[in-house]
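Notes follow the structure.
By letter and in written order, the chains are A, B, C and D; residue numbering begins at 1 in each of them.
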């Protein structure tokens, strides 16, 4: 039962995601791994996505390792056990008073915005944001909020644009239904992972605080922003009232999210999750995975960043290969192949011979390469060599 | 108890509405009035607004005349009596199956849009429309709809723009929450009464019908459009599923609105009006007034249009006076005075000596003159002469 | 367009309301009227309803008198003029900080309850109350509240029952969605105008205040309670946070209501009225009437109470006629006729010969007589004599 | 972060659920298991709950077995893979056109009721039902429905009571906001698992169908009803439009639910799940477990029923021990111990010496024993003997 036209999505997002992958025999493990970290049974290097998304068999192996390392204690309805431990971990990491497990990013974003807004209706968001475009009009149809999109097709709006938009409301409208909140996605998935500059975030935060406007961070992929900009997650979080971080995009869980923020906001959430039907009996399979994978994740990601620099420098020396960082980007890089290179064949060879997956180049022989911790499954030379042999 | 900053509204709408008016001694009655129509006890010519808005004393006199002409029968909770008679009259006038009395235009617009949309959430509107800017986010916060504004700061969107916006949704969003309805305000108050071209309305109607999208007309001032474009109200209404027309802007009632449309939509309204708290015990004071004033109103309005042509032609011959129709406009005209003329003094003299009210010219000696049936309280010569003497 | 089955309502409410009445020639005026008060042009004594509900002609005459007595100044969107004057009057009368005009009692009740409840969902009401049975599920379907009915088919619940119900929730439910508010109708229309004892109101008020639970009075007919119990409206109001009083049931207006309460609650209302579609351009025809009729109304009502005692004492001496006050009742009295008397003929004669209206007796020769200020249109002897001659 | 007072719940539900259990060394496996079924690594016989609820270690082992038996294919956002396979399985089992995975029973119940009800607001439920008491007022505060509780503190309402309540609405209320749906929980958790008689279900179904009222089954524990009454799940489902069945109460999953029904209803659900925030990236850990455990589950449950009969017959022969089936009950039995027996000591011995868990007897030496498939971890003699030695 599907609710959207996946082909449309892929076409518009400019990225070709591979179809369901068949399990492979494991390649050689790299010894760069820290924290007792080891690749899954069938480690595949993936130049797409933000991190490891385990197939079921590997998922279970990984959770068994987690259980062996520290006995997993289950939660009941999100209370206690490994869920509570994960919430504490996120509170420390974000420097927030409280954290709570959420079934989905959509629920995390929507409930955060709803509670921050209170009775006010207007919520300012990026035009390109997940809240505006990918939450199925939940803000309006369930939470009774009016989203006010800023910065059409751009990664971010500036503090000045926000201030202007808010002040201009007095000219555009007679009735005052109140500024509810401001929500910022960072990095932005729909602009290929580009970040909101930290200076703008600071200014927006200052403006919002001096005007008592709640500020929410859709930080689903905030780890990507942090690894590429060097700004710590705690610093990012410090500018916002509430922060949502995904558990499945790169922390290995099959689903789930964490929302962190002040007690006055987060303490309302458990009840709201129940009321909106998101309260599940036991959530430990996601929480335990995320907690386990979180250990050392930032180090691994930084290692991947470094390794990718080495790899891309080498690839750029290959004739007809050009890899470029996006302007203001994080882990997504553009790959342009000269027309002499058969991009589709190259992709197939990397997959078949080297267990390296990348998106299929389009008709202009272009695609994007995403950097994530799966690069660490091999060393840089292995990957560089694989590309050389696949051209 | 006020809910908005009136000064802001006036400033942005570019029109200076006069403060509460003191009663005057009546001027001479004109004999151009048809249908036993006569001016109120204290007839004042008003170059602002869309029609007569009676002061209490005149209001009661007028209703007494209505009662004398045809015994007023009261309604009970909007059922029966003069309310039913008015509803029938509007059904004939608009060519719709059913009509129903509504307490306000906001409720008429919102309920029409909500019922036409059903479970779908997206509703396309003009950026400048009353639904988008002047209904206090009711669409989102009460009726769970997402308004999609088109044609930023313009009077209207074209059929092509609408079609493009709807088709482009597939590129912009992954989830499909459905096209609810399209709502068009005509004429548009926030663009000084300009109209949506009938050709665009026809195309939009064709597009909506072939795509089974409900189409609503916010025709609060549709009589103005009709009088200036020559398109009948029935023709305008024929392109839409539902039509709202105001009872107080020019039909004399102190409040109220009528919504007309197909039985399948309108038959749901009585219950919805009750549920949303708009069901009042008796509404005859508004219904009787509107029904009485409706008689001959289109003829009077056409007479006012003709008389205004005569007046403005004469005024344009005065040195330093320039009256111009707005491009695509209806009853609002721009007035530019040369700097030699003391606009504020002129306004004061017209008021004091001739019982003629007009908005106060701004610092650039500009203002707008609105044409409505109050012009008929005198003949053209009287008004032309008054301006001459007031310069 | 009707939304309910009136016959069902009448059958279950045990009262036969007369069909639309034909105008009559006026009977003789009584000289008991105070405050320049005089009957309408066609004064009819009505032993049903809570007060005068003018036919259009009389309504206009009455408003003309009001206008002659004190020039009526109109409001704009409920702001200023006679609406503001009326709001001030109600604030004084109820001893509350603020008052605001509402289009309907349903909106007054629902908005009061919604604001008092805030984020909490449970609202305790009488099973027989208007809020529970006669507001078309607005609480649930628009305002997202859960009404908790108490005292099945009774006039009131006790403080102890309320306390028990609230405390018992902890046994009945696991999740805590919070006590929103308590609403009490007094007197209760569906139990023939019976009152909630003042002692219970005091205890409920004490309980609610010590538990920080908002308390609302649906005092649509609170003047009836006050006239029969001797408790002042101000005292009644003092036990509640918010009070709604009808403008049309006995104050002569064609519709409308006033909600009084603390500034923190009432100051939110103007915006909410707009959002829910109840904000009308001009409301002076109702406000002016209520303000005019309010003058001396309590005195007139007390005179009517006294006169009714005299009349009913006399009627009870007639063979086969028994008039009894209801237990805990206000202005409704039971009338039992012996089978020798032809009740229907009596009713017809009173109407035809004496301009006295009463509900048609049922098959058991029973009906109810309501006392209101229309009794004052004649003196007691006239009425007693009329009954004598009609038996 | 907890949202309810668990102690309150346990006190009122009359059952003492054991606190978090420490892992034990496995007892001897029984050879009565069919379908390659085997107990978890640490099999504990539990005389509470409706089935196995695995601790994390056992959970992972069990899923590894499932993966070994039939390669688990993951879903994406509930689409494809093992989720789709599970949905198909439930459609066959219930005889319904479509089935869909839901994050929680609350969401399954609420969305089913909301869609079945359409624009109508009144939904009839048992006073004791989960929908009425355990879904945190979601029906009112999120889905805008008015729950109408029937059969105060009883397991079920009869068709006649339902019909009377619906018909009586015409006497109790004037406005018609429409009958939305009827929802029946079966068996009822708050009445200790008692069932609604199949004859009443048939009559209610006939009544609802002839009146076009949607009928929903909260069959969270319908397998329990089926095993004890002999009525098949397909037959139960045939009387309802929609059926919700839990995946975690006895099918081993850590969370999740399935809703089955006609395509016209279920096809709307994927979008609604998204809008309400319940759409999760991957749900295979729950779906794979439920699918695996479903195989042979009804046979195992019937074996457990038979074995429990043997065990309880033997226990009843022990001096001072009385085990009784509840009137109209399913898997819960009352246990009364004579005062000579130290119930708490007995409970401790069973736990410590025999790996058998049961609720702690209360002060009257009473408790309830629940029958489920964990009994099959040993044979009857082992269990009977354990009780004998523990008294």
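The definition used in the following text is that a residue touches a chain if its C-beta (ideal position, glycine included) is under 8 Å from a C-beta of that chain, and two chains touch if they have at least 3 such contacts.
Keep in mind it's a predicted model, so treat the numbers as computed, not measured.
Greatest Cα centroid separation from chain C: this falls to A. Between the CA-based centres of chain A and chain B the separation comes to 50 Å, rounded to the whole angstrom.
Each chain gets one centre point, the mean of its Cα atoms, and the points for chain A and chain D are 36 Å apart.
Look at where the CA atoms of chain B average out and do the same for chain D: the two points lie 60 Å apart.
The multi-chain contact residues of chain A, meaning those touching 2 or more other chains, are 3, 135-137, 141-142, 175-177, 271, 274-275. In terms of which chains touch, the assembly is arranged so that all chains touch all other chains.
For chain C in complex with chain B, the residues that touch the partner chain are 1-3, 20, 53, 55-57, 59-60, 63-64, 67, 71-74, 77-80, 82, 84, 87, 98, 100, 102-104, 106-107, 110-111, 135-138, 141-142, 248, 254-256, 266-267, 269-271, 274-285, 288. Those residues of chain C lying in contact with chain A across their complex are 119, 175-177, 268, 271, 274-275.
Of all the residues in chain B, the ones that touch chain A in their complex are 3-5, 8-9, 11-12, 121-122, 133-137, 139-142, 144-147, 170-177.
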